[in-house]
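The chains carry the letters A, B, C, D and E, assigned in the order they are written, with residues numbered from 1 in each.
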Amino acid sequence: MRKEIGASPGSLVYTGDYEHDVFGKLFTYDADHLSETEFTEKLPPLSRESGHNSWLLVQGVHDLDIVKSIGQTFGLHRLVLEDMVNPVQRMKVEDYEGVLFLVLKMVEWRDEGEWESRQFNMLMADKWTVLVTESETDFFEPIVKRLKKDGGVIRKSGADYMGYAIIDLLVDHYMHIVNDVGDRVEDIDAERLDEGNTLADLKSLQHYLTHLKRYVRQLKELLQTLLKDDMILVHAETKIYLRDVYDHALQCADQVESLQDSLNSALNHYHSHMGLKLNEIMKFLTMMGSIFIPLTFVAGIYGMNFQHMPELAWKWGYPAVVGAMVLITVGLVIYFKIRKWF
Amino acid sequence: MRKEIGASPGSLVYTGDYEHDVFGKLFTYDADHLSETEFTEKLPPLSRESGHNSWLLVQGVHDLDIVKSIGQTFGLHRLVLEDMVNPVQRMKVEDYEGVLFLVLKMVEWRDEGEWESRQFNMLMADKWTVLVTESETDFFEPIVKRLKKDGGVIRKSGADYMGYAIIDLLVDHYMHIVNDVGDRVEDIDAERLDEGNTLADLKSLQHYLTHLKRYVRQLKELLQTLLKDDMILVHAETKIYLRDVYDHALQCADQVESLQDSLNSALNHYHSHMGLKLNEIMKFLTMMGSIFIPLTFVAGIYGMNFQHMPELAWKWGYPAVVGAMVLITVGLVIYFKIRKWF
Amino acid sequence: MRKEIGASPGSLVYTGDYEHDVFGKLFTYDADHLSETEFTEKLPPLSRESGHNSWLLVQGVHDLDIVKSIGQTFGLHRLVLEDMVNPVQRMKVEDYEGVLFLVLKMVEWRDEGEWESRQFNMLMADKWTVLVTESETDFFEPIVKRLKKDGGVIRKSGADYMGYAIIDLLVDHYMHIVNDVGDRVEDIDAERLDEGNTLADLKSLQHYLTHLKRYVRQLKELLQTLLKDDMILVHAETKIYLRDVYDHALQCADQVESLQDSLNSALNHYHSHMGLKLNEIMKFLTMMGSIFIPLTFVAGIYGMNFQHMPELAWKWGYPAVVGAMVLITVGLVIYFKIRKWF
Amino acid sequence: MRKEIGASPGSLVYTGDYEHDVFGKLFTYDADHLSETEFTEKLPPLSRESGHNSWLLVQGVHDLDIVKSIGQTFGLHRLVLEDMVNPVQRMKVEDYEGVLFLVLKMVEWRDEGEWESRQFNMLMADKWTVLVTESETDFFEPIVKRLKKDGGVIRKSGADYMGYAIIDLLVDHYMHIVNDVGDRVEDIDAERLDEGNTLADLKSLQHYLTHLKRYVRQLKELLQTLLKDDMILVHAETKIYLRDVYDHALQCADQVESLQDSLNSALNHYHSHMGLKLNEIMKFLTMMGSIFIPLTFVAGIYGMNFQHMPELAWKWGYPAVVGAMVLITVGLVIYFKIRKWF
Amino acid sequence: MRKEIGASPGSLVYTGDYEHDVFGKLFTYDADHLSETEFTEKLPPLSRESGHNSWLLVQGVHDLDIVKSIGQTFGLHRLVLEDMVNPVQRMKVEDYEGVLFLVLKMVEWRDEGEWESRQFNMLMADKWTVLVTESETDFFEPIVKRLKKDGGVIRKSGADYMGYAIIDLLVDHYMHIVNDVGDRVEDIDAERLDEGNTLADLKSLQHYLTHLKRYVRQLKELLQTLLKDDMILVHAETKIYLRDVYDHALQCADQVESLQDSLNSALNHYHSHMGLKLNEIMKFLTMMGSIFIPLTFVAGIYGMNFQHMPELAWKWGYPAVVGAMVLITVGLVIYFKIRKWF
């Protein structure tokens, strides 16, 4: 469903196509305690002022009531809410005094070697992290596990570290896909691209890399914004971690670039291989044609039915013509060799 | 009609080709009231100092008297007036103390799947928004509707918000066209481009995207200027909205770029598909030629009319030659298979 | 004549090839008065301190005495004089306390649809504008006319406005040429480029656009320098006009770029059109060859003169062979249709 | 072994494939003394506060205990340790108050004309230089030798000079490889690329250069960071040396670029050479075909067996036809010459 | 001879291949006096503190003693000396308090239309200019001449002006070569590139331009450094001259770029010309083939020896078949015309 042209800003219209049941979890945690609440349909009562760190994970961005009540709790600008329900956006971070609003894109491999990207929203306030996603996903399980198991950093830190952990997870996924694409690129044998469907595979890999490149570039911009000195919601210690993620993103971008080079050179190789092969075939035809066309002509001469053709009656006429044909053939072959055509 | 070379600056010559009757509307509004006045031929009396917000919508940039009287009312530099009547310009914003002058370009789909861009001028003073367009257009209807219906933001805000609403409408239209182009790009089947007129379609889509890219780039520059800190005519609150439009423009630029990639890869696919097809045909000819040329030569040999050709009288001559032909054919086919030419 | 390598800087050697008689005009003007003096061979006596605005127009940069006496009057650095007599330079502006030195390039259409660029020098001091050109030209007539007619701005303003008027004239000419090139680009029919000399025309248009692009780029740099805040010789009011010229230059650059796109896509269209046409012809040959080569072979078989060929004596031999030929033809045509080669 | 997605940051997992025995050396030195300690399996006891300069060289980044105890000694952030055990990274330098952490890549030729890049880590503290490498390597021998022999600068200077010496060694190796690639590029004979495996060689050289370019670019960034004014761990005197290395890197980049140009132009030359050769062959076939096809047709005419063909009985029929064939041949050859096809 | 990998910095190893005898000149000059001393093998005694301006010109960079004693006289860093004896470097300027060290590249035409670039070093101290070159060269003669003849600027000015004069000479040479290349580019006739060795010429011109572009770019960087405000060794007056050289360099870069455009378009023209010519030839073959192949088939039919072919006995058989052949020919020609293939 597309939004009406000229609709007033902040009008909430969900333009995606997922309509799962609303489902969510609320984690409240500090270094010592961890509580987990599951909910469906409605948000549990939230208070921004609770002393603990809270992580709210909501699946169901299509439910405008949910979105509105999140908006109310965190005092969000209506443009933020509008952005939340629009599933086709660039990754970005916006700083609304006290709340960071991030739009992010996760990517996941599907079974058939295809992957899918899916947008989600993140709010970071001092002690609150809110994730609002479109569809059911177990993408965040590794963080839930770390939250449960770890006596460690994630439990002791605030929303900025949680945000870092999520972006880090994202980049891990990107890197994973880049590595998988890399494995498939290595398997490509440029000289056999025309057999089976490998040429189509290669084009789809190229397509993936173009998308990944765009995502990584957007993520780099996003991280640069988060790393700025005036981004006070992110503590100095967390910035060290974010810088590490930024390094991974750079590395990812490097690898994507290098894979694109490989794919392009495989394609070039394939094309020049095809060209050389056609050349070879054409040269064979040329040789056959150039040799047999004059020979056939000679045979045609003596196939004419003129009554007065003295050679026809000559006893040695036939051997002489065959001899001439052999000479022509040898001459042409020598000529070709001299011109280095074969 | 082209302007004379070396004409003195500020000389008003309308160089477009629209000469509709002048028609216009004047809206005066605040949070509580809204009055609407229609006029033709002449402007109604305007006063910059009226307490209400005013929105003047004039269709008829070719009428130099109208343009001059707008110039007088708002104390515009004569270069501004010269720009207003020149319908071939880049989008831009110029800041003349107290008045912002904007040149903008709307785009509209025509019925036959073509679109048309049309330039219009916007003046933004504290409480005044003036739109001067070339031709009759119902482009601004959604805003008129919001003005009439809304008990909301647009009525309570000044010219800067009205300006935002208009630019937002513009970007909505751009986005709409990008989406439509996107739908048509998805329908393209690269292997059938030569059938019907789809190749021409694709080229016209490419043409559209090139133009859209230019427009979006100009709009981004324009918005960057409006978002600068020293642009005091635009209030901080409105800048939040403009930043949202800027985001949409970035997104639009992203999508245009990605559509261009798709089109290019479709074209490349088409070309390599055509090349492979030609290769295939050439290879078939080569096979036919390479096999039948020597066979025909052999037949030609025994079509010669020499009186002394012992083979002709030999009883098994005919079967022997046919056998030899079969051998030659099989030999060549095997040779081709070994060279992997088929 | 080329300058000697390693000549000491400031050595005056005219390296162009124009040697017309020296001719010039001196205009002295203010809001109320205008006097015009023509001169040949020698400059009239000049005084920098006269109260009026003066515009000196000298045709004859090859006359080193003229150049030197201008140098003396305005106290010019010897490198400036060296630059003045070198007709192959980039456009530029140099600020020598109290005097601006500009190198500019005018372009003019010749009758045969060719155009020519020609460099000239401009000096701008407080009340003095000096133009030194290589050849006789009526390029500046529109300004002379405005100076004579106008009770207006040009008479009331100083050298900076005169400078603006000249650069504006320049850009008007650029724009005029861009428009003319645009008209000729629109006339191009990509599918008929090979007929007549249109391909050559297209290449010369491309050549022109490359040059124009370079000129416009240089002019943009020049204007940026003139628009800087520390360029005190140019008054704030004149800068508004120059900004307008700068806008025109941007527009010009945009149009040149867009024309280059059009030319390139016309060329691409032409090349792919030629390729498709050749493909079509090759396919026709292939069809003819693939069908007739085996048929001719069959005919060749029965043209052999073996005494023992039972088919020859068979009553239905001839119709059977013709029937076989028809079958072969039909078979091949069906095969081609299945492979979608035609 | 790949790292688990979403692992908590700082988790130490070695993802490379080298598992040699741990081996290392510790050099303690000042201007007068030099002591060398070899160790295996475990680090010798280290103290950051010893008065001498120390250089620790550890082979065995896969041994996490070693890495951890280095981390403890120098108080390294756990992200640094994570980076140390990840052998696929970009070159970089990170400044952790008092300790610089560098990731570098050495390159070494293997015997078969292949080369291999290998990452290593460097820590630079005031008096400590620590190198942690993946595999056994004698890459650093030249520095060991200078340390032993030299009564010179390296013994008198601190860790920053040692760091410089190592980066210098790196760039020397890069330069060496660039020179070797250069020698091999010069040996390439563009017209014989298709013989033997030289085309494949050329493609591998291209591949190498792409990688070298990336390395040099990363190294330039790294050196720019080291040369910044606020990089206080590097003394002003050492910065002079580093600027020298930076110059070498620029030079290296220049040469890589110029070699890429040469390779590209060799490839282009090869392709146009192949194209010209095919053209030549095709033209030969065309000539043969165009001449003999009509001649064969003429011979075919008089090979027909009609009973009523008056020419066949004519005495001069045969010489007339042969004469006509000669005329046709001459006519076609003249036509070809006029069209300049040969 | 290549330098050892990992050699300690500042080790003096001459890596070029010139080993001429050492030869040099020392000029001492001021506005009134000029003395010239020639020397071989050893430097004359030099004193940095002599009151006069001195210009030392040494040919023989391979003589390490000479290099060392220059180093001692001017107190040069050992890295400078290392750079001096390395003949493969980028152009650069380095500022060592009180001494500027420049690496420059001169270019000279050789007789056979080839050119050669050669590196030399320049030291600029307050009153000293030192040039150290690899080989015997009369490159600097024009400056010697100006020094001897001129009662002018060069005698009155210090080392910075001398440095300017040398760089100016360099750029003059570049410009000279660019002009010569330009002349040769103009002589190229794109349609005849395949005749004689012009295609090879064109490729060597391209090669030259690539190198010149690199040199000019490096020189521009070098001049930008010299023109900086904090470059106090260069006086303000000299900077005006250097800015002039910088303009020349820009101009040179512009011309190189424009020549590259011309060469590329000549190459493109050549390739499309070759393609069109091949097309034309192929089309001729196609026409011949398409017309004569079916005709020959018809002739073949009636060349068959069946006993029962009624047409053979028919009186009008022969004329009918010839008539049919004419019809086929006319039909095909009309078909070709309709398809616009000829």
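Here, a contact is a pair of C-beta atoms (placed from the backbone, for glycine too) under 8 Å apart; a residue touches a chain by one contact, two chains touch by 3 or more.
No experiment lies behind these values; they were computed from the predicted model shown.
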item	value
Any chain that touches chain C and chain B	none
C-alpha-based rotation, chain A on chain C, 0 to 180 degrees, nearest 5	145
Shared interface numbering between chain E and chain D [over half = same, under half = different]	different
Distance between chain centroids, defined by C-alpha means - chain A, chain E (Å)	42
Whole-Å gap separating chain C and chain E, where each centre is the average of the chain's CA atoms	26
Per-residue multi-chain contacts in chain C, two or more chains	282, 285, 289, 293, 296, 300, 303-305, 309
Arrangement of touching chains [line / ring / star / complete / other]	ring
Cyclic ordering of chains (reference chain D, direction chain E)	D, E, C, B, A
Residues of chain E touching chain C in the complex	141-143, 145-146, 150, 152-154, 165, 168-169, 172-173, 176, 179, 240-241, 244, 247, 250-251, 254, 258, 261, 265, 269, 272, 275-276, 279, 282-283, 285-286, 289-290, 293-294, 296-297, 300-301, 303-309, 339, 341
In the complex, chain C residues that touch chain E	2-9, 77, 79, 82-83, 88-90, 92, 194, 203, 206-207, 210, 214, 271, 274, 277-278, 280-282, 284-285, 288-289, 292-293, 295-296, 299-300, 302-305, 309, 311-318, 321-322
